[in-house]
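Take this structure, written in structure tokens, and hold onto it; I'll ask about it next.
Note that the chains are named A, B and C in the order they appear, and that numbering of residues resets to 1 at the start of each chain.
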Amino acid sequence: MKIFKKAFSLLLVLTTLAVALCGCGGDKTGDSSSHITIGIPQDLEESLDPHKAVGAGTKEILFNIYEGLVKADKDGNLIPAVASNYEISEDGLTYTFTLREGVKFHDGSTVTAEDVLYSIERNADDGTGTALIPAFLNIADYKADGNNIVITLATPDPDFLQYMIMAIIPASNTDPDTNAIGTGPYKFVSRAAQENVILEAFDDYWGEKAYIKNVTLKICSSADTITTEMLGGSIDLFARITTAQAMQLENSDFTILEGTMNLVQAMYLNNGVAPFDDVRVRQALCYAVDPDAIIDLAFDGKGTPIGSSMFPAFSKYYLDELNDVYNVDYEKAKALLAEAGYPDGFTFTIRVPSNYQPHIDTAQVIVEQLKNIGVTAEIELIEWESWLSDVYSGRDFQATVIGVDASRMTARALLERFGSEAHNNFINFADERYDENLALALASVDDAKQVEYYKECERILTEDAANVYIQDLAELVAIRNSYTGYEFYPIYVMDIAKIKPVK
Amino acid sequence: MDKSKKSKFITGLVITGIIVLLTLWGMIKTPYDPYAMDSGAKFAKVSFSHFFGCDQFGRDVFSRVLIGIRETMFIAASVVFIGVFFGTILGMITGYFGGWLDEILMRFNDAMLAFPSILLALVIIGIFGPGKYQLIAALGIAFIPSFARVVRGEVLKIRNLDYVLSVKLYGASDLRILVVHILPNLKTVLLSTVIIGFNNAVLAEAGMSYLGIGVQPPEPSLGRMLSEAQAYIYTSPMSAIFPGLVIVLMILGFSLLGDTVGKKH
Amino acid sequence: MRYALRKIATMFITLFFVSVIVFFSFSLIPGSPAMNKLGTEATPESIKALEHEMGLDRPVAERYGKWLLGVVRGDFGKSYSYNQPVTKLIADKLGATLLLSVMAIAITILVSIPLGIFMARKSDTKLDIFLSGFNQLIMAVPSFFSGILITLIFGVVLRVFVPGGYISYKTSLIRCIGYLVFPAFAIALPKISMVSKLLKDTVMAESGKDYVRTAYSRGNRTKSVFYKHVLFNALIPVITFLGMAFADIIAGSIIVEQVFSVPGMGRILLSSISGRDYPVIEAIILLLAFFVVLSNLIVDLLYHKFDPRINV
């Protein structure tokens, strides 16, 4: 009996100890003066090299670490960053950027013209006629002139300045994959795979310094535990939660901010494989899927339906009427299927990344809607890493629900990918008329004409039913009441430097 | 059978009976279409029209649980079938013939047993990819070694029994001895192994689906429902608790039966 | 001593088989890790070049040999997707998972042994019947479900701990343990039921044996007989069971880690399985198998020490 008593009292002590210790841990979260934990739905990509980043989720974080000669502000304008100002010649061919005095890299060295040239070189023509940034193929010459960088284009490009948000990295950095050195308000400290990424405010930042000193980006690959962690106190901010998750946070110390995500959510169809290589099949799906019902069922009515690869924030290019091309019409859809040789429907698989609840929810509603025309869709959840490698790079899929963002404030960022030869044309879209219009748009010097060509591209995507377009998602940001200052951008970024603790 | 054993057996029988009835119910008709979404019924509370309430899409949780039980039973049964079928063949061959084949296969078997079936299944899922049928195959394969080991041990014992030896003297072929004389004797040991295996399969299925690599949405599975409901545990904890309780009941029923039928472990 | 040596040899043979199975099955998977790594920039030439660089164009047997040599020296190669040595990548995570598993087994022992003895002593009373029934119920609760309930009760309602607020043991071991107590309990619960039930059964069986009756009849005081003979003998099967349970506990922790967002081996295993990061998967599986086999070895040796008649 003695052993029993001893063991029991030991257990009791241990439990009390644990509880007491946790209690201390809990208090800590109230102290928010210079630390914030931000939940992110996936780990950053393997490489932190800003020129290699593919995923929007990686790029939105790198936004805080790296800057270009110019950078985007929250209104979608380009403001000088590493360059203090720029001039464009009247013929639109010569761009002259003046380096800002004394901009420091995170390693303490000063940004030089050489670093800028090096950064451009990495993205420009590699000698084989391809470039990391295709728009850079248009660069005829680039050189340094004292403190100025002079870039000369072969043909004028009204969008060119947009590409100068390209990150400036030090030429001396031999390992940009793991050693992230930029000029942004935050510097990279460390990362633990599938666990977290640590950032720290950069004291020598040239501009308005970040308010919060230490930032922990916590990787929450499981959508199921996010709300528990927020309410429990281990996450202070999570951008892009679902409406159902937001409901969980009612009456808590979280504020829900609402904006738009500025991305094109669609069921992307692999136009290169059967049955989606038949335009009639794709159109049939468009007639059967009802974006309004999806928004209503899965997003509590929050979200803007769209009809092509363009979202309303790009008002210059956006065509609202494309929303009405495919209004729900089951009879028409069935007729199209019959015509295409599928009178009894067919079965296909939708691959969805398992860490994005909004896309999973959307896919579930789509599966239901497609039953109305006898089409059976099966969902396959895959990890984000597999999505990138299999679906995006490998193009091994039939359909996928995802949001495609614009990394720059130009229509080109959204539309160039559907050119039949584009390396990131993951849906294998191929249409001669599209290629023609895209080429015309890219070559166009006149802004109004260029816009018209891009609009024509959008119409072709809709008519050809390249994808089943759904919506521009509402962006619900949950932020603890002890923080403020979250800003929505028209591109997919999270500006951590603007967030500040409430005094 | 003593008193406590008897009451255990009856409790187990009743619980399993309920589960079987629910399975049959799910096979015939569910109160609501388990996939039908209704924006008006999102997170509906527990009521007479929705026994278990509704989930985030307004789908009836009770109907989904019924289908989920059916799915889980189907998967567990398939897994046990694969495990028993191949495990018995493997165990009978190695146990009966012995020799180098036995040595190699059993080493291989030991290596497989060195890691728990869930881990093994994870690796196999890594090869096959996620999905319901992949899950069945993965768990099925993962279950073979333990069945093979039990059967082999039993065959080793039976092989040296007098009557088997005498049948052999009469010139019966190995195949005949295996099928006619040894196989029927495995019944008892197989029965309890099957029940334990069934239990483990239910548990493994729920666990894998909870991790998101088993049954894919929108198809309901108890494990999957549990993980989805975890996200909404504050406003509707019942959507998580009901599927969880059903898993508990399934396992409880079978383990009570398993304890009373045949030997322990 | 010879027995121990033989057991250790068997352990290494088993591990060798594990490594063969794991390595070769992952070589069969379609899909190129090189393409995975190159992402959108992949061209057939660059894939070939990278495959050459990664040594993937060599025959499987040669790759295996090279890998095994590395493993023996504690080098598991380089992760495909994180560009750093596997050892460095998983060291912390292995620590978290092992700490969690060890805590789970410690809790199991601390609770179940007194509980088992208590139940044996009170056998056939109402309390025992209640406890036995309760045990049977607990055994049927999967650890991820009890994990959710623990989160709900202790994390959300009582606010005793912060769900998801895992603190690395490198930052603060005590606070780390303070957090891991909850997942460890979720893992330990069903094991506690099983062990206490087993112990009760063996104690009961042992008490009924002739030698115990003889000891009693010689006028020995109950307590000393109980602890010297009954408990000692009854613990042998319990130790065997705990050895087997350790494997389950490690596997269980992989799932429960997800419930409590503990950044252990589970998360990285799941993501590397889908990211086809073979070196990481192989390392994790081999390490987990190593700990499982090691725990079995320890049990075998203990068993042998307690009861030298056993000869396998």
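Note that in this section contacts are C-beta pairs under 8 Å (C-beta built on N, C-alpha and C of every residue); 3 or more make two chains touch, one makes a residue touch a chain.
Since we're looking at a predicted model, the values are computed, not measured.
At the far end from subunit B, in terms of centres built from Cα atoms, lies A.
If you tally contacting C-beta pairs for each pair of chains, A-C comes out on top.
Separating the centre of subunit A from that of subunit C, both taken as means of CA atoms, is a distance of 39 Å. With centres set at the average Cα position, the gap from subunit B to subunit C is 22 Å. Annotation for subunit B: residues touching 2 or more other chains are 213, 230, 233-234. Within subunit A, the positions touching two or more other chains are listed as 222, 225, 228, 231, 382. Across the assembly, subunit C contributes residues 151, 156, 258-259, 270, 273-274 that each touch 2 or more other chains. Residues of subunit C that touch subunit A in their complex: 31, 35-42, 79, 81-84, 89, 92-93, 107, 110-111, 113-114, 117-118, 151, 155-156, 159-167, 174-175, 177-179, 181, 223, 227, 258-259, 261, 263, 267-268, 270-271, 273-276.
Of all the residues in subunit B, the ones that touch subunit C in their complex are 4, 8, 107-108, 110-112, 114-119, 122-123, 125-127, 203, 206-207, 210-211, 213, 223, 226, 230, 233-234, 237, 240, 244, 247-249, 251-252, 255-256. By the touch criterion given at the top, residues 13-15, 17-18, 20-22, 25-26, 28-29, 129, 136-137, 139-142, 144-145, 148-149, 151-152, 156, 247-248, 250-252, 254-255, 258-259, 269-270, 273-274, 281, 285, 288-289, 292-293, 296 of subunit C touch subunit B in their complex. Taken in their complex, subunit A has these residues touching subunit C: 1, 3-4, 7-8, 10-11, 14-15, 17-19, 21-26, 29, 43, 45-47, 52, 54, 132, 177-178, 192-196, 218, 220-222, 225, 228-229, 231-235, 382-383, 385-386, 388-390, 392-394, 423-424. Residues of subunit A that touch subunit B in their complex: 222-228, 231, 244-245, 247-248, 296-298, 354, 357, 360-361, 363-365, 367-368, 371, 378-382.
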